[in-house]
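First chain written, first letter: the chains are A, B, C and D, and each begins at residue 1.
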Amino acid sequence: MSTQHEAVILVSCPDQLGLVAHLTAALHEAGCNILDAAQYTDTLTKVFIQRIHISCGHSDDPKSLQEKLTPLADEFQMKINIRWMDETKRVAIFVSKEDHCLHELLLLHRDGDLHCSIDMVISNHEDLADVAQRFGVPFHYIPISNSGDPDAEQQQTALIEDNNIDLLVLARYMRIFSDTFTQKYNGKMINIHHSFLPAFAGGKPYHQAFEKGVKLIGATAHYATAELDEGPIIEQGVIRVSHKDSVKEMIRKGRDIERTVLARAVRWHLENRIIVHNNRAIVFS
Amino acid sequence: MSTQHEAVILVSCPDQLGLVAHLTAALHEAGCNILDAAQYTDTLTKVFIQRIHISCGHSDDPKSLQEKLTPLADEFQMKINIRWMDETKRVAIFVSKEDHCLHELLLLHRDGDLHCSIDMVISNHEDLADVAQRFGVPFHYIPISNSGDPDAEQQQTALIEDNNIDLLVLARYMRIFSDTFTQKYNGKMINIHHSFLPAFAGGKPYHQAFEKGVKLIGATAHYATAELDEGPIIEQGVIRVSHKDSVKEMIRKGRDIERTVLARAVRWHLENRIIVHNNRAIVFS
Amino acid sequence: MSTQHEAVILVSCPDQLGLVAHLTAALHEAGCNILDAAQYTDTLTKVFIQRIHISCGHSDDPKSLQEKLTPLADEFQMKINIRWMDETKRVAIFVSKEDHCLHELLLLHRDGDLHCSIDMVISNHEDLADVAQRFGVPFHYIPISNSGDPDAEQQQTALIEDNNIDLLVLARYMRIFSDTFTQKYNGKMINIHHSFLPAFAGGKPYHQAFEKGVKLIGATAHYATAELDEGPIIEQGVIRVSHKDSVKEMIRKGRDIERTVLARAVRWHLENRIIVHNNRAIVFS
Amino acid sequence: MSTQHEAVILVSCPDQLGLVAHLTAALHEAGCNILDAAQYTDTLTKVFIQRIHISCGHSDDPKSLQEKLTPLADEFQMKINIRWMDETKRVAIFVSKEDHCLHELLLLHRDGDLHCSIDMVISNHEDLADVAQRFGVPFHYIPISNSGDPDAEQQQTALIEDNNIDLLVLARYMRIFSDTFTQKYNGKMINIHHSFLPAFAGGKPYHQAFEKGVKLIGATAHYATAELDEGPIIEQGVIRVSHKDSVKEMIRKGRDIERTVLARAVRWHLENRIIVHNNRAIVFS
């Protein structure tokens, strides 16, 4: 007896006539039914991008689908990424001392709203060990002597590799990784940081925002890249402030919007809704 | 020499395996390239809905596409609605005395942001004749003795039919149509009305909203149906108010959100982004 | 040696000339400095309302301020409510099975963002005992046989009275109180409930919202009164949904907005920012 | 017989004990009733700021109030700004070719929602002459050879001074003024500009925003200062965009948020709700 499998396929290739027809036909022949499909054509770079949610009734190994699509992929120079829904993605959460983003992710996961396992919390401080423990998640304390500390990164990498981690979430992890590390996990590491209109250079951004009298403060979730806080933007949000808000209150409101925006970005990644093209994150909502 | 035509196709039919594959293949055979496609399956009623944006290089009558898809439509009980982009939709705007929604639509149209012609403004008052005139739009004054006035509706219907109007926009038209009229233009008439949390029965809603001390006021754009203010919801928006806002100020804020929400609904309708299924408006954004 | 005390005073009385001058002078004579003041005059009922944040350097009992203001209060028919900041308000949280609102309040409290003690969690189910326990808050399981169950209300009242509870927060407590109970805690009990545009009567509101295809779902925090979900509105919020959101996803989004809106309402109450006049909650932001 | 006059008073001075009491007493003695008052103390600079809305029943010249408050102002180093509501502020609007902000202001003014007269439109292009004309506002075409063109600024200044203009609104006026000009109208000139998270340097900001794949675009209204786009922020707003929005569509959405944000800033300025302290705009809402 065969069981039904669902998968999300992300496809990108140079745009050309008949792509959708060929891809659809190939999936049909492979015994797949299309539950949902969304596409986007980048008109500047002439690149075709499609997200296809399928179900397959095959008794054989679901991985054989990749092979069945290989001739088509070769013909059209397609990059094909298949995510089977019955494979659980494995997530590691990096934190420092603040737990608002960590709590958000743990609670969402517990309620079944994040399609993954949370396999570990890694921190450069011991403060949040008990939060991880309460939710039954292993906590790894790896102190950092300075940014890009090679010993610490080696320990982190070992944990990630030994546990086959698929996604790293930087949930207010206040340390910078080396270029080697960010490149290794390119497209697999999501960061959250505060954002302001206009943007400020230098330290103590909330103090600067207060001094400028901004009326909105925001947060941006993005894939982490070597250039700090410059990777492809997944999601953004803002919250209103006024002259009455002290720096402390602005930081509190900032936490509120950070956790919400980060959680959306992580959920979309886990649902294979995001494809990065030309340093832009295309999000199929 | 052939010219390129673009069209948006809205399809709905009972859900079944292979629909996307068959439809895509039929469009490919008909010489169409798929520029964008989005689909939705209503899991309660098992109905498949798809919006497909195509381009066709055919030299022959674009209307022949409908014929080419007929066998498929018959086989799968498909409703197929094709909107060719080089056919301009014709719009009539109904107003009474308030012009904020009218101005919004006329300015958007002038800036090329509404894909239609605005063929006439119809009103039960003469107040806004000069606004229509400034934008070069014919203005028809049709006084109404009482709601559902058959003489007035006859004149309105004659204007609409004689001018092959495709869409009626009720831009703060403060009169009620007869059931006959609303049924005749079912799915072709968009209305805007204020909305509150919670909703109020009875007259003077802004006064009631003030008395209840609501913190948000909203607007809903929907297709007009026989049951007043109950048709399929196309778009909604809200704006924040406080105890400091007088009834007058709340009405002003309400106008702000009404015009924005109505304009979005009209634009989406003209881009064939909306399909009504089971009294719900599915909006392909 | 005298210490400095801060207080928030809420004043309401029939409007008349010179009120601010007299009140300000009386506070000045009583040795108070005004840190912040905001006022509102209800033009319909001719009622003057003011919130005054003061500091006092007196060595004597801060409660003597009330006495010093008595002559003024008598002269102008003033209701005066003084909340000393160094008195901690005592809060009881009522829950059933859902913990998103409870977690929000416990985390905010732990971070020092709620000016109160959380003295107990009361529930008609045992599910959330461990959440309360983790945060070191006593948990009281009081099962309810039917709405307005007099035995249960007697136990609840005993707990509230014995512990001098100042505020009851209904954080998704899914049972209805008797009129006696709601009247007893009038203005001291905050509830959160979902809100929709338009509103729906009857059960399963999220299913109805899905069927109507609403584009926004909301939440309203209000003081609980005998008429269910009809008390003075403290705060409201909305979140965007689309036809793609299943009922489950709409409920998840609803939880997100509920916890945020409830937390704001509770914080404002604890900061003595709210005065109810004529069934409207005036919120001094 | 005396008539009733209303005024808004903005006060700022070094913070000290008893300020509110003294000021309130002085206003009471001067025969003023306080309709509304809001205050703010900048804790960093120890500066007290208050906005007081009063009514006066005096038969004598309302300007005498300023004199009556002089002793108090001297004693406490107060800056006192009195705006009588029966004096109409005079406004000049500067535009180039885009009219969305101009239309917004003209329509709001026509509806009685801006407490001012609109005395002229000044432009470096002739395109919008007919818009001004329709609303009966004089249009002055002053071409600009290059930024800070002294001849043009001389003509502009002459118009402003000869007509006793109180407020200059830069409603998408795409030219830069000289430092002399901006200093002359410091605190009397409101500008609107697009804002992004993060901000972009260089030209074509919407193209950059598109390339970065931002999810929000915003607008900031501020007082114009010598440093372009860096003056005190009055109001900010954002609107959501996605990868589906073309640069053209992003510009359209940007226009939508620009006009709304600018109109709010202008309305608040005209209601004397804004005081600039330490390069921050304190807005009493």
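FYI, a residue touches a chain if its C-beta (ideal position, glycine included) is under 8 Å from a C-beta of that chain, and two chains touch if they have at least 3 such contacts.
In this text the structure is predicted, and so the values were computed from the model without any measurement.
Undergrad: Thinking of A-B, which of A-C, B-C or C-D forms a repeat of its interface, with over half the contact pairs identical?
TA: C-D
Undergrad: Farthest from subunit C by Cα centre, which chain is it? Let me know.
TA: Result for the farthest chain: B.
Undergrad: Answer with same or different: of all residue numbers used at the interface between subunit A and subunit D, are over half used by both copies?
TA: same
Undergrad: Using mean CA coordinates as chain centres, what's the gap between subunit B and subunit D in Å?
TA: It comes to 37 Å between the two C-alpha centres.
Undergrad: What is the distance, in whole Å, between the centres of subunit A and subunit D, each centre taken as the mean of its C-alpha atoms?
TA: Centre separation, subunit A to subunit D: 42 Å.
Undergrad: Residues of subunit C touching 2+ other chains?
TA: Residues 40, 242, 244, 285 of subunit C touch two or more partner chains.
Undergrad: Under the definition above, what is the set of subunit D residues touching subunit C in their complex?
TA: Going by the criterion above, the answer is residues 17-21, 24-25, 27-28, 33-41, 285.
Undergrad: What residues on subunit C touch subunit A, complex-wise?
TA: It comes out as residues 100, 103, 107, 111, 113, 134, 242, 244, 252, 256, 260, 285.
Undergrad: Along subunit A, where are the residues that touch subunit D in the complex?
TA: It is residues 40, 43, 195-199, 211-216, 218, 220, 229, 232-238, 242-244, 246, 278-283, 285 of subunit A that touch subunit D.
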